Every structure is written in C-alpha cells, then in structure tokens.
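Both of the next two complexes hold subunit A, though its partner changes from subunit B to subunit C.
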Partner chain A sequence: MRRRFLPYILIFIALVLSVLLSVAIGSVFIPPGDLWRVITGQSPRIITQAAFILTAIRLPHSVLTALTGAALGGSGAAYQAVFKNPLADPYLIGVASGAGLGAVAAMAISWPYTFWGLAAVPLAAFLGALLTVFTVYALARIGKTLPTTNLILAGVAISAFATALTSFLMLRSSGELHRAIAWLLGGSSQAGWGPIMILLPYLALGLGALLLFGHALNLLQFGDEQAQQLGLNVTRTRTLVLLIASLTTAAAVAFSGVIGFIGLIVPHIIRMWLGVDYRRLLPMSILGGAVVLLIADVLARVVLAPQELPVGIVTALAGAPFFLWILRKTKSQGYW
Partner chain B sequence: MLKIENLCVAYGKRLILNCVCLEVSSGKVTALIGPNGAGKSTLVKSVSGVVPILSGSVWTNGKDLSSLHSMQRARLLAVVPQAVSMPPAYTVWETVLMGRTPYLNFLGQTSLRDDDLTRCALERVDALALAGRRMGELSGGEQQRILLARALAQSTPILLLDEPTAHLDLQYQVNLLETVHDLAYNDGLAVLIALHDLNLAARFADQVALLVEGEIRARGTPRQVLRPNLISEAYHLPVQVVRHPFLDVPLVLPGAGDED
Partner chain C sequence: MFRKMIPTILAIGLLLSACNFTPLAAPEPTSTEPVLPATETATIPTLTLTDGLDRIVTLSGPPQRIISLTPATTEILFAIGAVDQIVGRDAFSDHPAEALALPDVGGSYGEYSQEAIVALQPDLVIAGGINPPELVASLESLGLTVFFLANPTSIDDMYTALSTLATLTYNEGNDITLIESLQARVAAVDEKIATISDYPTVYYELDATDPTLPYTAGRAGPTNFVTPLIERAGGVNIGSGLESEWASISLEQLIVADPYIIILGDSIYGETPEKVAARTGWSVLSAVQSGRIYPFNDSLVTRPGPRLVDGLEALARLLHPELFE
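After this line comes the complex of A and B, so read on.
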C-alpha cells in the first residue's frame, strides 16, 4: 500500500517545490523568508511590494504554467495510449497546430483583452483542434481500422497546413505580430487571474474525464481485437478519449501557446519510472507535466535574465534530443 | 454450448465464410482444421464479435451473441489469440487481471475476488511463479499460457482459441492442449480451437470440423473427418492415414503410398 502511494507523495512534493521556485525567481528575487511570510500572512506591511508581485503577477503566472503543463502531460499520455505510439504527442498528430490556428483566427478577428474576448479564444482553439483531429482521423482511417502510420503521416501533413495558415493569418494582421509570435512560441504573456478562471473549468472537466479511462487505455495496448474480446467498446472509447484530450490540449494552447515536447517527455519519464499501467500513468503524467513545465519556465526566465525566453524554446531545446533518444531506444528494445 | 447457424462473413465483396453451421458442445473440445486462408481465424473473430457478420447468427443459451454489447459478450465467451505483438511492458499479473474487465466498474477498480480469480487462472496454467515478470521477458510458450490464463480469468462458459500452438515447441503444444482438454472435461467449458496440426486435432479433439474455402466440408469424430480422401482434397496433397501406434486415434502422414 505504501509503495502505491509513494510516487504520488514524491511528485506532490516536487510540485510544491517547483511552484515555490517559480514564484521566488524573477526580475525581483523574493527571498524564501519573505515568501514564507506572505504565504502565512505575517507582517504584510513590511513586504507589500513583494506581496503584490507574488499575488498579482508571479502566482497567476506559475499557476497558469502548472495548469498548462498538466494539460499537456495528461493529453500526451492519452494520445500515446490511443495511438499505441510512443512518439504520439499533441504536436505530432497536428492537434496543437490546429488549436493554434483556431486561436490565431479568433485573435485575428478581434484581439480585445476583455473577459469575453479571452473566453472566445479557447473555444476557437477547441474547434480548431477538433477539426484537425477528425480530419486526421478521417484521412488515416481505412474501413474500420486506424493504422498508426497513416495517422502520424496525416497528422504531419495537416499540421504543416495549419501552421502555414497560421503564419498567413499572422502576417495579415500586422499590428499584433510580435505578441502573437511570442504567444505561439509558448510565452504566456497574458497575466493575472482572468485567464486562469477561464482555463480552469476546461481543464478540470478534461483531465477529470481522462482519469476515468486508465483501465480502458491499458486494454487498448493489446490491440483493438483483444480489447474488444475483453469487453471494451473500442470505437467509443477511442473517440471519447480523442475528444477529451483535444479539448484539454486546445485549452492549454489557447492561453499558453504552442509548447512542444512536454506531452512527449513527461509520460515517458513516468513510464520508465513506474511502468505502463495507465491508471497510474495518467494522473502521474498530469502532475509531472506541471512540475516539468514549471522548471522549464524558471529556466526560461533565468538563462538570459533579465530577458525572458518563451518557454517553448526551452522545452524544444531539451525535448528534441529526448525525442531522438526515444526514437533510437524504441528501435532497439521494447520497453514500450 | 455454442451454436453457429448459417454464418456468412465477407471482407468487402469477397465471401470468406459461406453459410457455416457448427455446434460446439459443453464439456467437449471441437477442433477447427483446414488449410491456410480457409477462414479459421475469421470464424473465431466473427463469433467473438470482432469481425462483422453478413448474415446468420451465433447462439448460446438462447441468446444471440451478435445482439449483445461487447461487455456482455465477454462474460459469455473468451478468446485466446495468438501471442504475437503483445505489449511487452505489462506484468503477467496485470495482463491476466485484464481478463476481469467485463466485471469491473467504470473506474476499472479490481476487487479481492478479481485477485483470487486471477491467482486461480495462473495456477491453472501452472504460471503463478511468473506473476511478477514482464510479458516481454517470457518465451512464446509462456506468453501463450498467460493468454490462456487471461481467458480463464474471464470466467466464461465458452472458450475460443485461434491457433494457440502455431509458434510453439512440441512440448509446449502438448502441454497447452492437455490443459485445454482438461478445461473441457473437468470444468465443462465449450471449447472451439482452430488448429493447423492435424495430428494434435486427432489426439485432443472430440469433434473435428474441416473448413475449406469458407465452407464446412466435413465434421464428426477425428476418425470420421481425418480420412485420406477428404484431407487430400482439402490440402491438395496426397496423404496417408494410419493408426497411431499407442493411442486409439488416426495419424495423418503426407505423401502418396507406393502400393496404390
């Protein structure tokens, strides 16, 4: 029993530590002592400036980063399970690009920084993601089967198409180009608690629903035929998981831009650590995604301080070699 | 008992099974033999609901299997597939526990009873010692036994096996079929097993059905079906059938007799 809960305890500690690190580090360093006093509410007069930075800027940024990482880690694990491919990732199959296209289209039409202006962006991203995932699905499908190779190829093609359209839209709407590029590279430039309030219901719904599918995803690893012979409604399960994972990805993309490789790296680390049981892999990937993106975000703010890098650059720099390593590893041995 | 009535299955416009009728009795082993491409695997897949049926029906205890949900069907009928391309990273215990799927709630939570049945299934195939190993570390023969255990964990009255001995060494083939035979005789399961080895079918089956080009050409006891003329015609190969030197079963040998 203790062995079962130990990973959760460890990852929770890692999450708390990375949140603390994330709020402490920035253009103004907040010493751990002050951090503690703000959190516990002691002597607020002495450190009002620190308190303001923390609650109005740093904390919402950290929470947004953590939520984004959680969404990408969870949906990455789900895509890998559904497509039975260790390299499946919201990017590889085009969902993120589709979501990005939807979001940019919504921004191109109007870029008002209001609540409803913000709320429309994830909706448009979701539509973009769904459109992509089902186009890819339809293209890759042969009869009642869905060969993985077809799926990945269709994903790459649609992804290239969506990315081209996104670039086109961004070039047309000249004014906000810099901001859109920064957003697209995964710099969560939008500050404050507003985006979080909008993001939270999407993610709570999406990630919560995803957690119900752990056992079903285990069965899918044995192939459609065996899964069905063991009593699983394969088509329904796959459609539902794709819908939910796309919703989750879209919500994350809408507010944090296109951040690559989290959905690839995190489930792999967890799988190497704890094995392939998706009942554990899904929640651990969600929590692990939050931890890894928080750390990447800290690096993005520290490496070239005082300038802040978009976090997508950091994850891509660390993630691409990891991707190649997995590619080699899956060729040589089957830990998958 | 499993009753297959006028079963027709087509891939696209090609008819794979043409009006197949077959009864698989409880407590008996029925072997399905026939050359490659005759439709043996398709028959197993269509009965288990993986391949859609064109016409005909599959009955068990007065229920039409094709009208059931996959979960209801999985409580009546378990399938042992060929152990090819298994996900290597699940442990033996996790794999066999998946046989309990049709009885789990929507969270996939297992109970103590599920653990007990998993343990029994592993003991039954003599593989309890392997419980902690990963599937990828096992030999083909061991993997096949684990898949049989998973089917047993499903606790179904009907067991279907799709060429389970295809890639196994001789001792594993005999081992597995002895277990299967025992499951029919002692546990009263209705067993349908697709086999490519005619002599294993002769030795372990009570009833043999010969499937050729999607049609049942003959069925009956091994002695009735394993006749030189029937087998020669089905496999396009001259064969001799002799009596097994020690057991009271026929033995099929390829090759034409010089005396004829």
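After this line comes the complex of A and C, so read on.
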C-alpha cells in the first residue's frame, strides 16, 4: 500500500521544490532571506519591491508554466495511449501547427489596443488549434470507426499544410519576425494572473476528465477487438480522449506558445519508472510535466540572463539528451 | 454528447476571459496635442499624450527613470538630451556608446525580463514599433507607465517622433534645434543630388546566407527606409520593384539587373567585399569586377531615429563621391 503512494509523494516533493526554485530564481537576484520573509509574510515594508516581483511576476509565471507542463504531460500520455505509439505527442494531430497558424495570422494584423485586440493572438491560436483537430478528426473518420492510422496520416498532412501557411505568412509579413518566432518556440510576453484565470477552468476540466479514462486506456492497449470484447466502446473512448486532450493542449498552447518535447518525453520517463498502468501513468505524467517544464523554464531564464530564451528551445536542447540518456539506461527492459 | 459540450465550454471560457483578463479601459479618441493644465495651481505641469496604440498616457511631472525598449527610441532619447533621465535599455540599444553602460533588460530573443524592468523602478517605459502590444499590456498591468511610440514611416515622421519624445520627457525646445539641423543636412543632400541626372543602380544586401537567394530591401513601405533613402541619395534600388518590403532576390535577377554598386548592410555579420567576390557566380556582376562593393553600417538606415540622416549622407557619399569632394 505504501509503495503505491511513494511515487506520488516523491513527485509532489519534486513539484514543490521546482516551484520554489522557479520562484527563487530570476534575472533579478532576490536574497533567500528576503524570499523567505515574503513567503512567510514578515516585514513586507522593507522589501516591497521583492514582494512585488515575486507576487506579480514570478509566481504567476511559475503557475502558468506548471499548468502548461501539466497539460502537455497529461495530454501526451493520453495521446500515446490512444495511438499505442511511442512517437505520439499532444501535437500529433495538429494542435501546435493550427495554433501556430492562428497566432501568426493574428499577429499579421495590427489590432486596436483594447481587450479584444489584446486577446486576438491567444484566441486565434486556440481557435486555430481546434479547427485543425476537427478537420483531422473529420478526415480520419470512416463511418463509425476512427482508425488511428488515418488519424496520424491526416494529422501529419494537415500539420504540414498549416505549417507551410504559417511559414508563408511569416515570410510575407514585413514586420518583426521576432514575435512570431518567439511565440512558435514557446515564448510569451504575458505576465500576471489574467491568463491563469482563463486557463485554469480548461485545464481543471480537461485533465480531471482525462484521469477518469485510466482504466479505459489500459483496456485499449490490448487492441481494439479485445477492448471491445471487454465491454469498451473503442471509437467513443478514442474520440472523447482525443478531444479532451486536444482541448486541454490548445488552451495551454494559446497562452504559452508551442513548447515541444514535454508531451513526448514526460510520459515515457514515467512509463520507464512505473510501468504502463494508465491509472497511474496519467496523474504522474500531469505532475511530471509540471516539474519538467518548471525546471526547463528556470534554465531558459538564467542561462543568458537578463536575456530570456523561449522555453521551447530549452525543452528540446536539454530534453533530448536527457531523454536519450534515460533510454540508454533502460534499453534492456523493453518498457513499451 | 461532446459535440454539444464544446460550444458551452467555449462560451464559459470566453465569459471567464471577459471577467478576468487584465482590465483595460477602451481608449477615447482625443487629439494628439499635449494638454497642459493651467499652471497657476500646479507647480509641476501634468502632461497627457496619446500614444501610438491610442492609449492616453499621463505624466505628473518630468520622468526621471526612463527605460527604453527599442534602439530607435534610445537613440532619440539621447539625441533630445534626455541622457540623465534614462535608467535602462533593451539588448539591441547599442548607440550611442553611453547607452551600453545602462542596465540591459533583455529582448534579444524576443522576450524582455519584466522583473528586471520592474526592479529598475521606472517612472516611464518607452516602447516602440518592434514591441508587441501584449508586452505593453503586461507592463501596464504591473502598474508601470508605458508610452508606445509608433514606428515613424518617413524622415518627416521621424521629426514628429523626436518632438513627441521631447514633449514626453519635458525636453521641449531641444527637439527644435535638433530638427532644424537635421533638416538643414537633408536639404544639403537634396541640393547636391538635384544637380545630377545619372542615378546609379544599387543592390543593398541584408543577408546572403544563401548567395543564390540573398535578402534585400524591397519596395518602399512603412518599415523599409532603405529604398526611399537610396532614392533620396540619388540611386535606384534594384529591389524596389519587389513585392515585399524585405524580400529575397535570386542571383539570376541580380545578374539581369547588374547593379552599379553593391552595399553590404550585412557587413556587421562579417560579410566583406572579398567574400562577395569569391561567391560562385557573382564574378559576372560589373560591381564585383570593378570593386564597387562597400561595407555599410546597417543601423543607420534601419532604425527610425535621427541617424537616418547620417545614413542618407553616407549613402549619398557612396553613390556620388564626386559631389562631396
């Protein structure tokens, strides 16, 4: 019994530590003593500036990062389960390319400085992501079945199409490419609690719903026929899980830009550690995604301080070798 | 069932976003004239200006801690004598040399360190055309006063930008002498160029990572000063017919156009006349054969600040050295 909870306890400690690290480290140095005083609420008057930076900039940034990582980790695990494919990630059927197209298209227009004008980029990214996912879904469906091969192929084709359109828009635009490129690599200029308040309901509902599918996803691993015989409505499960995971990812991507690799590697790391039981893999991937993205984000902010790198660069640059190292270590076990 | 859920979820999301997004007052249309209140009551005059995003920016006195987020605004601030009022700059602001001594708040990878900005305790942040509006909104939500200077689209527009920032930083008057001297220098170039009838063709190189498809300045437009400046300096940009303001031109087109002069705006990235001459296929160009390839300081013609006039003079000297003997 105790063994069952040990991984959760460990990852929870890791999450707390990485949040602390993320809050403690930034381009402005805040002495640990001041940090402690702000956290514990002592003598706020002397250290108002540190307190302001912590509560108005760093903490919301850390929370947004953790939420994004959680969404990507959880969706990644769900995608890998649905596709029974180790290469699946939350962007497999077009969330990232659709969001990228939406965002870059919105950036090409100079919006008025109003509430809706400022919401244009995340909103367009969100709608772009949903639109591509629905297109892929509609194209892949054959009658009442939803073959995964069709989904993957339609996803790859639609993604390539959307990416080509995005590149075309970027090359055509005469303005700054920095903004678009930074966005496509997971950079975001948004600070404060606003984005989190919008994101939270999507993620809470989406990730909460995904957790209910642990057992169904386990059954799905036996193959469609067996799962059907065991009483699972395969097509419905697949459709629901995909749409929930895509919606969750789309919401996260809309605010954080496209952050690659997290949704691919985190579920694998968890799987190598704990095995393939999705009732455990899903929650652990959600928490693990938050931990890994928080650490990557700290790196993105410190390696070239005060310049901040888009976090997507770090997740791929540091994530790929780390992942390969783990893969080599566990090669013999054939975990998949 | 999920099909019915989706519009509901979207609607909830939109509602929530309407409730929780950083509240922003819709700007009311006003004149761009500064409104100075009656001075008999206030010892320090408040200043209200409308910025490039139609936001109304109010200052309660001369700003003493300014952060500039673009190289052009930094150069303008130094030129109008706001030197002692600047406390921070973005990573690209490298001119004048004194600017490099100021704390750097980031920007080189598209992201600014908002905590570094806050830590400098600015009483005014000046953003420019290259900064995304989300950054302005974000800084505003952190309680900072932000002025967004729309990118000037011509030399005359640049004069207006000088006046705007002079007003904003309570340095009114400084801009008048500066603009007069800049106008005189532009007029001197115009006068010299008016005497010539032969306009040499120019290829202005921005990037030639792929020497068969280099990047050049295209049609004149709001972000492209290079083409209009070349024309004003008495030249013809061979890229001026291209569809985009910044565009690639094939080596084939370049050979057909056979420019009289090659100007290397990418010389800061290490391009040299020797390297250009060594490129495969480039030796047929007459500019290469006659050695008319010149390194050029690109920031003189790409930053919409007072150094555009330096850029104009430098281009005119390159194109018509005989006029400046």
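FYI, the second predicted complex is superposed on the first by the 261 of 336 C-alpha atoms of A that agree within 3 Å, B and C clash if a C-alpha of one lies under 4 Å from a C-alpha of the other, contacts with A are read in each partner's own complex, and residues count from 1 in each chain.
In the analysis below, a contact is a pair of C-beta atoms (placed from the backbone, for glycine too) under 8 Å apart; a residue touches a chain by one contact, two chains touch by 3 or more.
Fair warning: this is a prediction, and the values are worked out from it, not measured in the lab.
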{"item": "First, second, both or neither for A:198, with subunit B first and subunit C second", "value": "second"}
{"item": "Contacts of A:55 with subunit B and subunit C, given as first, second, both or neither", "value": "neither"}
{"item": "Touching partner for A:239 - first (subunit B), second (subunit C), both, neither", "value": "second"}
{"item": "Greater subunit A contact set [subunit C / subunit B]", "value": "C"}
{"item": "Subunit B versus subunit C as contact partner of A:215, first or second or both or neither", "value": "first"}
{"item": "First, second, both or neither for A:306, with subunit B first and subunit C second", "value": "second"}
{"item": "Doubly contacted residues of subunit A, that is, touched by subunit B and again by subunit C", "value": "none"}
{"item": "Subunit A - residues contacting subunit B, complex", "value": "212, 214-216, 218-219, 221-226, 228-234, 271, 275-277, 279, 334-336"}
{"item": "Subunit A-touching residues of subunit C, taken from the complex the two chains share", "value": "2, 6, 9, 12-13, 16-24, 26-27, 53-55, 91, 103-116, 118-119, 121, 129-130, 132-139, 141-142, 148, 221-224, 244-246"}
{"item": "Subunit B residues within the subunit A interface of the complex", "value": "45, 48-50, 69-71, 73-75, 78-79, 81, 85-91, 94, 98-99, 101-102, 104, 106-108, 136, 150, 154"}
{"item": "Contacting residues of subunit A [partner subunit C, same complex]", "value": "26-28, 49, 52-53, 56-58, 107, 111-115, 117-119, 121, 171-172, 174-176, 178-179, 181-182, 187-194, 197-198, 201-202, 205, 239-240, 243, 247, 251, 301, 304-310"}
